Amino acid sequence: MYKNFLKIITFLSILVSPFLFTSAYAKTKVGFVYLTTPGDHGWTYAHELGKQMVKKEFGNDVDISIVENVPEGPDATRVIRELAKQGNQIIFTTSFGYMEPTLKVAKEFPNVKFEHMTGYKRTKNVATGNIRFYEGRYVQGVVAGLMTKTNKIGYIGAYPISEVIMGINAFAQGLRSVNKKATISVIWANTWYDPVKEADAAKVHIAEGADILAQHTDSPAMLQIAEKNGALGFGQSTDMGAFAPKAQLFASVNNWGPYYIKKIKQLKDGKWNTGDGPDHWAGNTWGGLSTNMLTLSNFSNMPTDVAKKAQAAHDGIKSGKLKIFAGPLKTNDGKEIIGAGKTLDDGALWGMNYYLEGVTGKVPK
Amino acid sequence: MENLLITILLTSIPILLAGLGELVTEKSGVLNLGVEGMMLCGAVAALGSVLIFGNPYIGILFGAVAGILISTVFSFFTITLMTNQVATGLGLTIFATALTGLIGEPFVGKTAASLPKLEIIFLSDIPYLGKILFSNDILVYFAIFLIFFIHFGFQNTKIGIIIRAVGDNHDSAHSIGYSVKLVRWISTSFGGMCAGMGGAYIPLALTPHWSEGMTAGKGWIALALVVFASWMPIRLLIGALIFGGITILQFVAQARGWDVPSQFLNMLPYLATILALALISFKLRHNNYAPACLGKHFLGNK
Amino acid sequence: MIEFTPRKIQSSFWTILSPIISITITILIGSLIFKILSYPVIESLYQVFVSPFSRPDRIADIFVKACPLIIIGLGLIFCFKANIWNIGAEGQFILGALCAGSFALLFPETKTYTLLISMFLIGFVGGAIWASIPAILKVRLNVNEILVSLMLVYVAMLFIDFIVRGPLRDPMSFGFPLSKVYPDGAIISKVDFPFIGFLGQFHYGIFIILILCPLIWFFINKTLPGFQIKIFGSSSRASEFAGFNKNKITFYVLLVSGGLSGVAGVIEVSANMGRLQPEVSFGYGFTAIIVAFLGRLNPYGVVIAGIIIATAKLGADNAQMVLGIPKVVTGIFEGMLLFFLLAGETIQKYKISIRKTN
């Protein structure tokens, strides 16, 4: 009798203990799912820097677990579920391909908050966040237009998805704002990270006469090839100046930290929400230069007047005065998108499946 | 244009080196399907050693040694323990892909010095040709040298003839008094060395990085090339250049705005391999160049 | 000097013993590797081999992971028994998934499971067609099936990539490479266990193994074609004397193996993803080669082998989460396991004695 009573007490205390612990220590358990390792110096490294900012901000108030190298598929479902089972209260899944796995697990754990980066589907406990990568690319276009001597720009894209295409178009808008003669040619690598392919594509661009290279893939290989061959280029996701001190003009830097911190704070204060942005595109948080989710590294390897114009473009976008996709806009085969006086809205950006003037070739269908 | 030709030449070096090694291995009667794995070992060892020692030439050495070491695993199982060569070769690639992934993990995102270009005096000043042929790094010259070395080796040297004898008829080679197993061990190690150097060339000259499985099928293409070249070193060069050309063509086509989906262009090297195999097999039905004992076990105590 | 004398009678005791010994040696060398890389040995081994059994839902997930490996492995039995080296199962898996998926997306409103049944058939045909390319080339031109089937893996990966980014892309996906979600009739649902509910991702597709496994065992051991395949594999000359059609056997084993890989692809996508995406296979086709060998080319053995390998795969995930060990380690285990299994075959076939050289 007495024994059974003890058992029940023990059982109850085990049941209650999670609540006791959370209230006593107020330690928030945070999980991160990475696509590759932080050593990639690109996409995942940018998230790692964000995680480090979280650690710095909250110190011992957070307990962070990370899982690296999680492929986008059934394995992701299992890993995310495992993180939820381990008691993480908020889980950041940091690649587009984790969208369905995140939604699936979120349904099973209604009390856990999920943050899916670069996705577009939200539910009661799944929020999304994304960066306006294209804003940095406009400034890249301005610099490229002023620096190119051959008027040929080589662009390496990962996959022909809206996110990358709007970047190419933003680059073209920047380019044509200062140089109407220059054109962009695009090579699709069909991968986010493959130093061999990226290097091959860069070599071909240079052999075809390009003297400025831009990339929407993650490794520093392109910049290194530029450095070797006396061309110039832009870094991606993180500052890649160390890999190509003579070739990097500047890098667009993804700054996830402030977003992570904001959302964890919301959770701690009991105010976490998924926002009320439109449900189709961009995510409820789509931050850019104005919110510091995107920053530019130092301008280098360019004359001061070019740097000044780049700074002006940066400031214009940041303050909202400069509209990147302001009419009149025409596709590169002459079709009018919008007339003068109008600007494209966010929804139109996510529907981009055409190149604007200044880009050669067609978007692969 | 000359920049493009140089790029094609450099792209074909890894498959050329690995193919030459495999050619020698197969001539002795051993089919080593682990080329892809041996190349990865060479690549990771080369990058790692350059990161430690800072000298790219050390990278060649380490790449070669790594290739030899991993090939001895294969030799031990297939030649000494007489396991199935096809399955063991597959196992070697699976094993080496994982092992290099584990060893290479800390190298991801690190970058190392590349092989310097060595201009050959006078020759490098010849218009066009000079820049393409005589202004390259040491492994390019080595690969070209190796083609002729192997070609003349098989024709004119005793060692070459012994290797061929062992590959064509191991029983009679044995009865003359040659150690079949020893010859095969050495030939397989030579193949490992070449594959290791071919793999090493990728981080040492093409892109100064490591990424898991970075050879991306080059080892398998090298294997196909050996058949395509009907076991002749000089034809192997032609084959390697064709494949290098196709690899680069997919990017050129895009840069010039050809309206073909990029995935189809990316398929080209693989489709070309299948086509080449089919064509050459069609020819081989009439004239078989393959070593007669390729893939067969030698018991060694008859 | 080591000497090999062929055995007259092969010991069947070895057939069972050699996988066990192989696994043991693999674990021993694996521990050594952990030790060299300074990971805690016992804890690492616990995570890789035991932790997947530590919770009911984790055990259920072992079966989920093993399902495609086992089905592909069952198909590979045919090829390997006939000494035909199909190493392109990965590509056949993708094509099966792609064909069935494209079909399912043609009927967006279907709720009945007749759709699923036709998908199985189409998936089988899709995989078989992909395998028929090396088969035809082998039969007609004697082209090496190893290289062709492997090259077709790369082609298949790029092909599904093209389809999912182009023709089958969901218009509502903002350019992201995803097809529309499958209709309800094309989804394999999770098993709702009485009193327990769902366990991990455990789904109804797994039960197909219960049908396939005895069926294939019966075919190989009790029918004439099965017997022909075995004879053909062990000695093609003997089978020629017996008057078996060499080309027919080569062709059909590749077709069946490709077809089963295709079915595995259908199940994997319908049960776990519910839509097509660029990556549908994660090396299952290659891992299944090890599974087939570890299972000693016996259907029941393949089931056990699939479970063992799946356990190690899930365990490696756990080891990565808990100890930070890169999960590629499973590949090292797989490679070693294959080496030792093959060496075991030698011991089974030959009597080994050591003789002093004179």
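Per-chain numbering from 1; labels A, B and C assigned in written order.
Here is the rule we go by: a contact is a pair of C-beta atoms (placed from the backbone, for glycine too) under 8 Å apart; a residue touches a chain by one contact, two chains touch by 3 or more.
Since we're looking at a predicted model, the values are computed, not measured.
Interface comparison, B-C against A-B: more C-beta pairs in contact at B-C.
Farthest from chain C, judged by the mean position of CA atoms in each chain, is A. Remark: chain A and chain C have CA centroids separated by 36 Å (rounded to whole angstrom). Look at where the CA atoms of chain B average out and do the same for chain C: the two points lie 29 Å apart.
Here the spacing of chain A and chain B, counted between their Cα centres, is 38 Å. Counting partners per residue, chain C has 158, 161, 165-166, 326 as the residues that reach two or more other chains.
For chain B, the set of residues touching two or more other chains reads 105, 261, 263, 266. Touching of two or more other chains is recorded for residues 160, 190, 364-365 of chain A.
Considering their complex, residues 1-5, 37, 85, 87, 133, 137, 141-144, 146-148, 150-152, 154-155, 158-159, 161-162, 165-166, 286, 289-290, 293, 326, 328-332, 334-336, 338-339, 342-343, 345-346, 350 of chain C touch chain B. Across the interface of their complex, chain C is touched by residues 65, 67-69, 71-75, 77-79, 81-82, 96-97, 100, 120, 159-163, 165, 190, 280-281, 350-353, 364-365 of chain A.
The touching residues of chain B, when paired with chain A in their complex, are 1, 3-4, 7, 11, 105-111, 114, 202, 206-209, 211, 214, 216, 247-248, 251-252, 254-257, 259, 261-263, 266.
Within the complex formed with chain B, the chain A residues making contact are 36-37, 39-41, 45, 154, 160, 185-188, 190, 193-201, 203-208, 219-221, 224-225, 228, 243, 360-362, 364-365.
Residues of chain B that touch chain C in their complex: 33, 73, 77, 80-84, 86-88, 90-92, 94-99, 101-102, 105, 212, 217, 220, 223-224, 227, 261, 263-264, 266-267, 270-271, 273-274, 277-278, 281-282, 284-285, 299-301.
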